[in-house]
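The next part holds the structures, each set out as structure tokens.
After this come two complexes, each holding chain A, first together with chain B and then together with chain C.
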Partner chain A sequence: MKSLALHLAVIALLFALQFVLPPYHHTNIARVMVLAVFAMGYNIAFGYTGLLSLGHALFFGAGLYAAGLMANGGWTGLATLPAGLLAGGLVALAVGMLALRTAGVSFMIVTLMFAQAGYLTILYFGPVTGGDEGFVLPAAARNLAGFDLATETPRYTLGLALFAVALLANLALVRSPLGRVMVAMRENEERSRMLGYNPFTVKLTALVISGLYAGVAGAGYALMFGYVGASFAAIQYSILPMLWVLLGGAGTVLGPFIGALLMFYLIDLSSSVTTAHQMVVGVALLALVLFAPKGLLGTLRERGLKWLP
Partner chain B sequence: MAAVLALTAVGLSLVFGVMRVVNVAHGEFFMLGAVAAWFVTAFTPGPPVVGFVAALVLCPLLVGGVAALADRLVLKRLNYDPEATIVATIGLLYILQQAALSLYGPDARPVPAPFEWRIQLPWFGYSGYKLFVVAAACVILLAVWLFMTRSRAGLVMRATQIDRDTARAFGINVDRVYAGVFALGAGLAAIAAVLIVPIQQAHYLMGHDPLLLSFIVVIIGGLGSVRGTLVAALLIGLSDGVISVFYTPTLAKILATLFVALVLVFRPQGLFGAKQ
Partner chain C sequence: MLVLSGVDGGYGHVQVLRGLSLEARAGEVTCVMGRNGAGKTTLLRAIMGQVRATAGSITLDGQAVHDLPAHEVPRAGIGYVPQGRRLFGPMTVAENIEVGLMTRGKGAATREHVLALFPRLRERLGQVSSTLSGGEQQMLAIARALCLEPKVLLLDEPTEGLQPSMIALIRETVTALKATGVATILVEQRVDAVLSVADRVAFVVGGTVAETLPAEELTADAPQFRQYVGV
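Take a look at the complex of A and B:
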């Protein structure tokens, strides 16, 4: 009850924020919310199920390009958003069928390699995908049920809607029997196997859910910001969700959002001081792994807030 | 450039074999070696040979030093947990790349070759320096091979590889072995880089391709098997040239990455790897 209230309060707060934010931060928060959906998806695989993937950019990119390419064909948000969702899930299913035959370090390398192959494929089909330069979505396609997503309020609302649905679904998932089994897989795969759960199916389900999240985030991103490019499928976008999740706290529902928010503003603020934002990312990764492997919310949960989901 | 590839890949393979650490920053050590080579040759007076020899000695030492420092400050504290070290070396990758960009700049800069002569055969000319690179790489690989199989330090490393706790019980300073192996692996990448910069230019993003290729080599050769790595490096180095005749470089890379992923899925011990 307490946790449901907390999450609803966060959503309400974000809803209220749009009326007071100056335009620049208005766009930023919309961006952070849709990226947080991506991070939540990553967290379902990594934080809850213990699948450390280095290839989530592939799922994000699948959603992004599914929406982007369909938009070029004249479809609007009502069709492209579900298409992105499905594309992310289907790609995750295909990758999972193969990659989940391995575990640990091999799983990381295999997912990395698949994502790299996907990225190169996008470059290879440059005439269709725009390659490195990408393409801008036609204005008519950035439309969801009559609302023009190029304007501020609908854009923020779509970001918030995606975020709210993703957050509540995440909360429900974590509390469901499936969520418990996912955590059991992370903690002790052999023991859960002995209890009669099939590790492969559970992990595959988790990865597909994770892919659905990443896919819809990608499609949402394409619609909200009107740009699709290969850089969103590059390795950087596999590392960033990991960084956000690690910062906010792996295995917490709100952690990915908090991590994405903090990291976004950390890079934003530091870019006024120095251009070395890669350095910020690198140092943050090292510091987190060394000193706070549980992240912000994970540490808070240890220090007394046990009810935090 | 199978020879240089083999040097880089053996470095990665050594680190993984002995320490069970997948070093994602390995390509950056390669890049660091190349960039350091530019600095050394640019600031050494006299003919290019002097600068080149100085680079060949100094760069591996410097890069090895950086690696040993990274091992002491970061990897050791993580207790060499495989997954945490990957995340940490990704962080290292970003830091090294940014440091190179900030201190060295975004330009690719050439390094003069130590000597210029071409072997003029009746039907085509061949750069003497490229042959020198191949010879040098073979000598170094042979030296590494002898070092691992014949010397006491190599024995200690292999003992640590097989059983870290027993090695410790026999009075081996495992921490020092790990720092040494990590430095050696990075140093090999740096030597490879110094050898290649007269052919390719030094650039802060040059670490990506060697990293990917080394991964491919190491995985196909079997993780941690030095002999398999050598065979795979020769094979890939040669086939890379062959494949790129038929396909565009991008398609060749796509096929190579997919192939590696599938090898890992279906034959995790590598194509030539020994049974564990």
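Take a look at the complex of A and C:
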């Protein structure tokens, strides 16, 4: 009950923030919310199931391009958003069927190879995908049930809606039997097998759910910001969700959001005072590894807030 | 109930089990004894499908289990408590039990039955399992295996490293399980523990059962213990 109240409070706070934030931060928070959905998906695979993937940019890119290409074909948000969700899930299913035959470092490398193959495919089919430059979505396609997503409030509202649904679904998932089995699998795969669980099925299910999150985040990002580009499918977008999750706390429901928010503003603020902002980020991550290796919420949970899911 | 017949098996090119035959009967405790490296744990792992039987057969109520994928063996009705307990450390006692219950869709009645066997666990349902004492962790490991309502329970040195009061409790539990019709295979090195619960004792030497005797024919100073176990 306490944890549900906390998560609802975070959603309520984000809802209220839109009325007081200046336009610049209004857009930033909308961006952070949709990226947090991506990070939550990564957390389901990595934080809860122990799947260290370097291929999530492919799932994000699948959602992004599914929505973007459909938008180019004249479809609106009501069709492109679910299409992005589905694309992320289907690509995760296909990758998982093959990559989950491996484990550990091999899994990391295989997922990275899939993501790079996806990235190069986008570049190769430049006439369709826009190649390196990408493409801008037509204004008419950035419409969701009559709301123009190019304007501030509908954009923020879509980001918040995606975030809220993803967060509460994540909370329900980790409290469900499947969530418990995912954690069991992360903790000891062999022991889980000895209790009758098929590791392949459990991990594939987690990866597909993770892909659905990444896909819908990609589609949401395309619609909210009106741009689709190959850089979103590059390796950087496989590493970023991992950093957000590690910073916020792997295996915590709110950790990915906290991590994405802090990292976003750390880069934003440090880049306004120095060109060496990557170094600032590096130092912050180093401090994290040294003083809070379980991430911010992971450390808080360890040090007293044991009820944090 | 569970019958192993001429089972070979091992790790890679290293053969550990050599034509091993053993039977576990309903409501009985079959103790397996032998020196280190004799193949006791490998025997349990072979039953669970973690070590492939390269020859021979393992059947449960006449159905072959040696060719099942490892995760299907528990569903067939075989519970396993490995050496060293291996709990899901960050999970609470209640969550560990829940994970055990879900495999075969068992519910509140099974949970109550298991907690009745281990009242101490009921008092610690919300406690993170890695913070339990060694004895309590062993209870939880056994409880979680019992959540499957197994026909056969495999216990690998459950009293190892426990204080006497906990050993007595584990012994009582194993004895209580006999009444429920569960066939237990207990790998154990302590002669007193074996003699207090066993119906039959199988001595394993070099990956095969050298001799099986009814427990009532054995005393603490029986020559078999010195010959096969070295105690």
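Some observations on this one:
Methods note: the second predicted complex is superposed on the first by the 294 of 309 C-alpha atoms of A that agree within 3 Å, B and C clash if a C-alpha of one lies under 4 Å from a C-alpha of the other, contacts with A are read in each partner's own complex, and residues count from 1 in each chain.
Keep in mind that, in the parts below, a residue touches a chain if its C-beta (ideal position, glycine included) is under 8 Å from a C-beta of that chain, and two chains touch if they have at least 3 such contacts.
Given the structure is predicted, the values throughout are model-derived calculations rather than measurements.
Once chain A of one complex is fitted onto chain A of the other, the partner contacts of A:Leu195 are limited to chain C, with no touch recorded for chain B. The partner of chain A that touches more of its residues, comparing chain B with chain C, is B. Of the two partner chains placed by superposition, A:Leu78 touches none, neither chain B nor chain C. Contacts of A:Ala172 after superposition on the shared chain: neither chain B nor chain C is touched.
In the superposition on chain A, contact of A:Ala140 is made with neither chain B nor chain C. Residue contacts after overlaying the shared chain place A:Ala16 against neither chain B nor chain C.
Residue overlap on chain A between the chain B contacts of one complex and the chain C contacts of the other is empty. Taken in their complex, chain A has these residues touching chain B: 52, 54, 98-99, 101-102, 104-106, 108-110, 113-114, 116-117, 120-121, 123-124, 239, 242, 246, 276, 278-279, 281-286, 289-290, 293.
Interface of chain C with chain A (complex): residues 48, 50, 69-75, 80, 82, 86-91, 95, 98-100, 102-104, 128, 144-145, 148. Listed in rising order, the residues of chain A touching chain C in the complex are 177, 180-181, 183-184, 187-188, 190-199, 306. Residue ranges of chain B in contact with chain A, taken from their complex: 22, 74, 77-78, 82-84, 86-88, 90-99, 101-102, 212, 215, 219, 248, 250-251, 253-254, 257-258, 260-262, 264-266, 268.
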